[in-house]
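In what comes next, subunit A is part of two complexes: it sits with subunit B in the first one and with subunit C in the second one.
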Partner chain A sequence: MRAYLSVFRMRLRMETQYRGAMIGGILCQMFFGLVLVALYRALYAGKPQALPIEHVTTYVWLQQAFFRMLLSSDPDLLDKIRSGNISYDMCRPVNMYWFYYARIAAQKMMGSLMRGIPMLILAFLLPKGWGLMLPASVPGLVMAVIALALGLLCICALENITMGFTMLTLDPRGMQGVLNLLMITFSGNLLPLTLFPDSWQRVITALPYAQLLDAPIRLYTGEYDVAYAPGIIGLQAGWTAVLVAFGMWMWSTNRKRMIVQGG
Partner chain B sequence: MSYIEVNDLKKTFTVRKKRTKGQLFREKQKIEALKGVSFSVEKGELVGYIGPNGAGKSTTVKILSGILTPDGGEALVDGRVPWLERREYVKHVGVVFGQRSQLWWDVPIIDSFSLLKDIYRLSKPDYEDRLKELTQALQLEELMRTPLRLLSLGQRMRAELCGSLLHRPKLLFLDEPTIGLDAVSKLALRDFLKWENKEHGTTIMLTTHDMEDIAALCSRVMVLGHGQKLFDGKLPDLLERFDTVRTVSVKYDKEGIMPELPQGLDVSGDENGLRITYSPADFPTARLLTALQAAGNISEMTLQPENIDTLIAAMYKEMDL
Partner chain C sequence: MNTLKLYLRSMGMLLKSHLQYPASFFMQTIAQLVMEGGEMMVVILIVDRFEQLNGWTGGNLFFFFGVMSVSFYITEFFGRGVTGDFPAMVRTGKLDTLLLRPRGILTQVLCSGVDPRRITCIAVGVAALVMGSTLSGVEWSFLKALALFEAICMSCMLILGLFLIEAVFTIHSVKSVELVNALTYGGRSACQYPVDIYPAPLRVLFTVVAPFALTQHVPAAYILGKPLYGWPGWTAFVTPLSGAAVFCIMTILFNRGMRFYRSTGS
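On to the complex of A and B.
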């Protein structure tokens, strides 16, 4: 346990060093948030939808604030796999899967909190109908935070599967491109999942991608009643377990057929 | 039973060749990196492992450090099979890959060390004792708070070595540790390795292209080529087989003196004197010296064996590597 916590802490600290990237990220995500909000406001001005506009803008802001959790791969890890520096990690008395999982978790957590918290404060200060609304209820907020934590565990499992594919192909771009496309579509980053047709939503909300941010956001806005929270959290935990199991299997088979290139 | 027992170790890599015109699929090619290598190493030995590029040295090291799984053969180190009981096994093994880095690029090296302390579950006093010992021996005290990216190559290699030895490994693999180092750093590194081997009885296996490393450190040398072991023994014994020529340089007090020498010797001369290359087996050194002295007053003379790198190159050539 000590090794995993230690690498987690180390990666957290490293992430805090990249302040320039943080400011750039906030500016970029604020810009995208404003564009999307303006877009939905234009849509609503033409034809009001059943879902209140405050819910849609809140959805957009929460998605943008935690963008870093969804779409960011640790460049150092990809580089280790490509260059073969991974050999050093392979001769340590640790479980490789969890060692990397801890690193990814730290990077995603710190990266998104550092950007997310200032952004949410800014979004909260925007006028009504543009910004972030208060959570529907206090239990709803508590459940949303728990669901967000589980979403983080789930995304780290997904990311470790991407790493597993990178070991096979040695180039992350192809597989990452496909997986990221699925991710931005089915996690609600491209279009809030709440705006998909109901029949679609029944399928999409059951997929692992909906567990990352969509489920916590809906608990926050109150679209999912707190009474359903245990079921939602159960689904998230179930997907996390499945994805972790798959990732671990992938890593252990990779290890047996591993070739470390170049000297 | 020796400390390391390797028996008929085999490893094959599959490489896909570039597709040629009109071919639908890429052809696969099997490359036998190790074609059945056997050796044993005793505890506390310092063994050099040499061979041309692509001979299979690094593959052996990777298998013995638990990274790769071989296709065939056996290896037993201290009673364990490296690739089967990896996590238990690697606790007592240290590895330095000269061309790779284990320390974190952006953080001070002390933080990387402290992560290693947690990875190997070292107790605080044990870690601190060892760290003090190593930083003194490797002269790293001043650099502990410096991020890795600011260190020179020589400093970095010393830090890497420190990282690999923190957990007091009983067995240390060094894969080209002196690559790219300047003379001072190389000498310091060699001294340190000798000290570590003597002080702690650490068994060391060293792969290198620097023959001076081998000459300075290793009592035993193994030569690998085309995935097979070609020689295993003492370095002088290896050199004796190929060390057939010597060069004598002489300078006389007067210019233009030409000693009477038998035919068949390679003689060249310039304002700095004469250079004579001969084979002691055909022409005894004593006789040559007598002939040189008879010609006049010698003001300077040196007798040189063949350069060690030239010898190794000749050896690789003869072994058809």
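On to the complex of A and C.
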């Protein structure tokens, strides 16, 4: 356990190194957020919906702020899979799955917090109807933060499954592309899940992708009542357990049939 | 003419090399299809919920989406050297080898990359165009077809020109500048929808700085029979030329920038 914690801490520090690139990234993400907010405002002007516009803009900003949590993968691991250097990792006296789980968790957490917090502050300063609204209630905010932490655990399990596929195909671009697209669609990044057709809601909110950011955001905006929070958190934990189990099974099967690309 | 022949030959060679790994190529092409299909699904879901956007019907919106994705992905298909590979060429010093050859740098950069996976994205765009024009009841005429053709060609030049901004920055600073993405990819996502739905600052940005509104929305609105801002019909053939203008300006700046190029030495 100590080994994984220190890997986690090392990666956290590593992520804080590239601050220059971060500012460009934040400004770019802010711009994308503003365009989306403008689009939804225009749509609302034509046909107002039951869901208030503030909820939609808050949804957009939280999604933009934590974008790095969704789409970022471990570049070293990809390289190692391609070059065959992954065989060195098999010599380490640690479980490979958890070793990389700790690394990706640190990368996703620090990467998204460093970009997310400044962005949320900026979004909060925007005029009403454009920016981020205050959380519906204090318990709602607490639950949203807990749900976000669980969402992080869930996304790391998904990322390791994607990596499991990469170990099979050696080429990250095909399968990874499809899986990532499923993720950004059904996690609400392309279009808030709250704006998907009402008849789809029961299915899409039960998918693992909705546990990453959608569930925390809905707790934040108050769309999910705090009273239901334990159930939601239970669902998140359940999905995380299932996905971790599946990922570990994949990695151990891959290990048995792995052909190292010698070089 | 010689240059064109050279370009076509390099395209042929690169295509062949991409097809050497058919399984991988096939998977990546499918991934692209899913990606662009997802974007299209978002527009369909938006139309399903909101029905119209500032007076534009669902069919109109599909048409605007189609014009954007066809022109953006044709550019990425044939201009991969500029839209994708250039920053890496500067960083790794691969650009140095181009300086030794008796051809223009921009020509060689364009000859060095192709991205055939984008074919499925273009297909999705074409499907959106067909769907959009059918739903909007467009009566095609020679002039309208010409306007669409011009809009797509000029948009491709505009997009290449915008990516050249990034290239010029890269020449000066070695690092690629992420902020330019706001104009290129940001322009793509924003201008999938007609520009008149946006507040004034964004409208100005996409009319004056990155004139997607002039190259795409004016002619597309003319084809749909709902002129943008009520401008007369002939503007649909004049305003797209701004795409060529942006491309020319950026080519000049690119060549000027190359004079300051210092190899990274690696």
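FYI, the second predicted complex is superposed on the first by the 262 of 263 C-alpha atoms of A that agree within 3 Å, B and C clash if a C-alpha of one lies under 4 Å from a C-alpha of the other, contacts with A are read in each partner's own complex, and residues count from 1 in each chain.
Just so we're on the same page, contacts are C-beta pairs under 8 Å (C-beta built on N, C-alpha and C of every residue); 3 or more make two chains touch, one makes a residue touch a chain.
On a predicted model such as this, the values are computed, not experimentally measured, just so you know.
Enquirer: Will subunit C clash with subunit B on subunit A after the two structures are superposed, or do they fit?
Expert: fit
Enquirer: In the overlay, answer first, second, both or neither for which of subunit B and subunit C A:A50 touches.
Expert: In the superposition, A:A50 contacts neither subunit B nor subunit C.
Enquirer: Between subunit B and subunit C, whom does A:A227 touch in the aligned arrangement: first, second, both, or neither?
Expert: So A:A227 meets neither subunit B nor subunit C here.
Enquirer: Specify the angle subtended at the CA centre of subunit A by the CA centres of subunit B and subunit C, expressed in degrees to the nearest 10.
Expert: The three centres form an angle at subunit A of 90 degrees.
Enquirer: Using the superposition on chain A described above, determine whether A:C91 touches subunit B (first), subunit C (second), both, or neither.
Expert: In the superposition, A:C91 touches subunit B alone.
Enquirer: Going by the contact rule set out at the top, does A:V138 touch subunit B (first), subunit C (second), both, or neither?
Expert: After superposing on A, A:V138 lies clear of both subunit B and subunit C.
Enquirer: Please give the nearest C-alpha separation between subunit B and subunit C in the three-chain superposition, to the whole Å.
Expert: So the smallest C-alpha to C-alpha spacing between these two chains is 9 Å.
Enquirer: What does subunit C use to touch subunit A in their complex?
Expert: So the residues of subunit C touching subunit A come out as 21, 24, 26-28, 30-32, 34-35, 38-39, 41-42, 45-46, 48-54, 175, 177-179, 181-182, 186, 189-190, 193, 197-199, 202.
Enquirer: Could you please specify the touching residues of subunit A with respect to subunit B in the complex?
Expert: On the subunit A side, the touching residues are 2-3, 5-7, 10, 13-14, 17, 76, 83-85, 87-88, 90-95, 255-260, 262-263.
Enquirer: With touch defined as at the start, can you tell me which subunit A residues reach subunit C in the complex?
Expert: Spelled out, the residues of subunit A in touch with subunit C are 21, 24-25, 27-28, 31-32, 34-35, 38-39, 42-43, 45-47, 49, 169, 171, 173-178, 181-182, 184-185, 190-191, 195-197.
Enquirer: Could you please specify the touching residues of subunit B with respect to subunit A in the complex?
Expert: Going through subunit B, the ones touching subunit A are 13, 58, 62, 65-69, 87-88, 90-91, 93, 95, 97, 99-102, 104-107, 111, 114-115, 118-121, 175-176.
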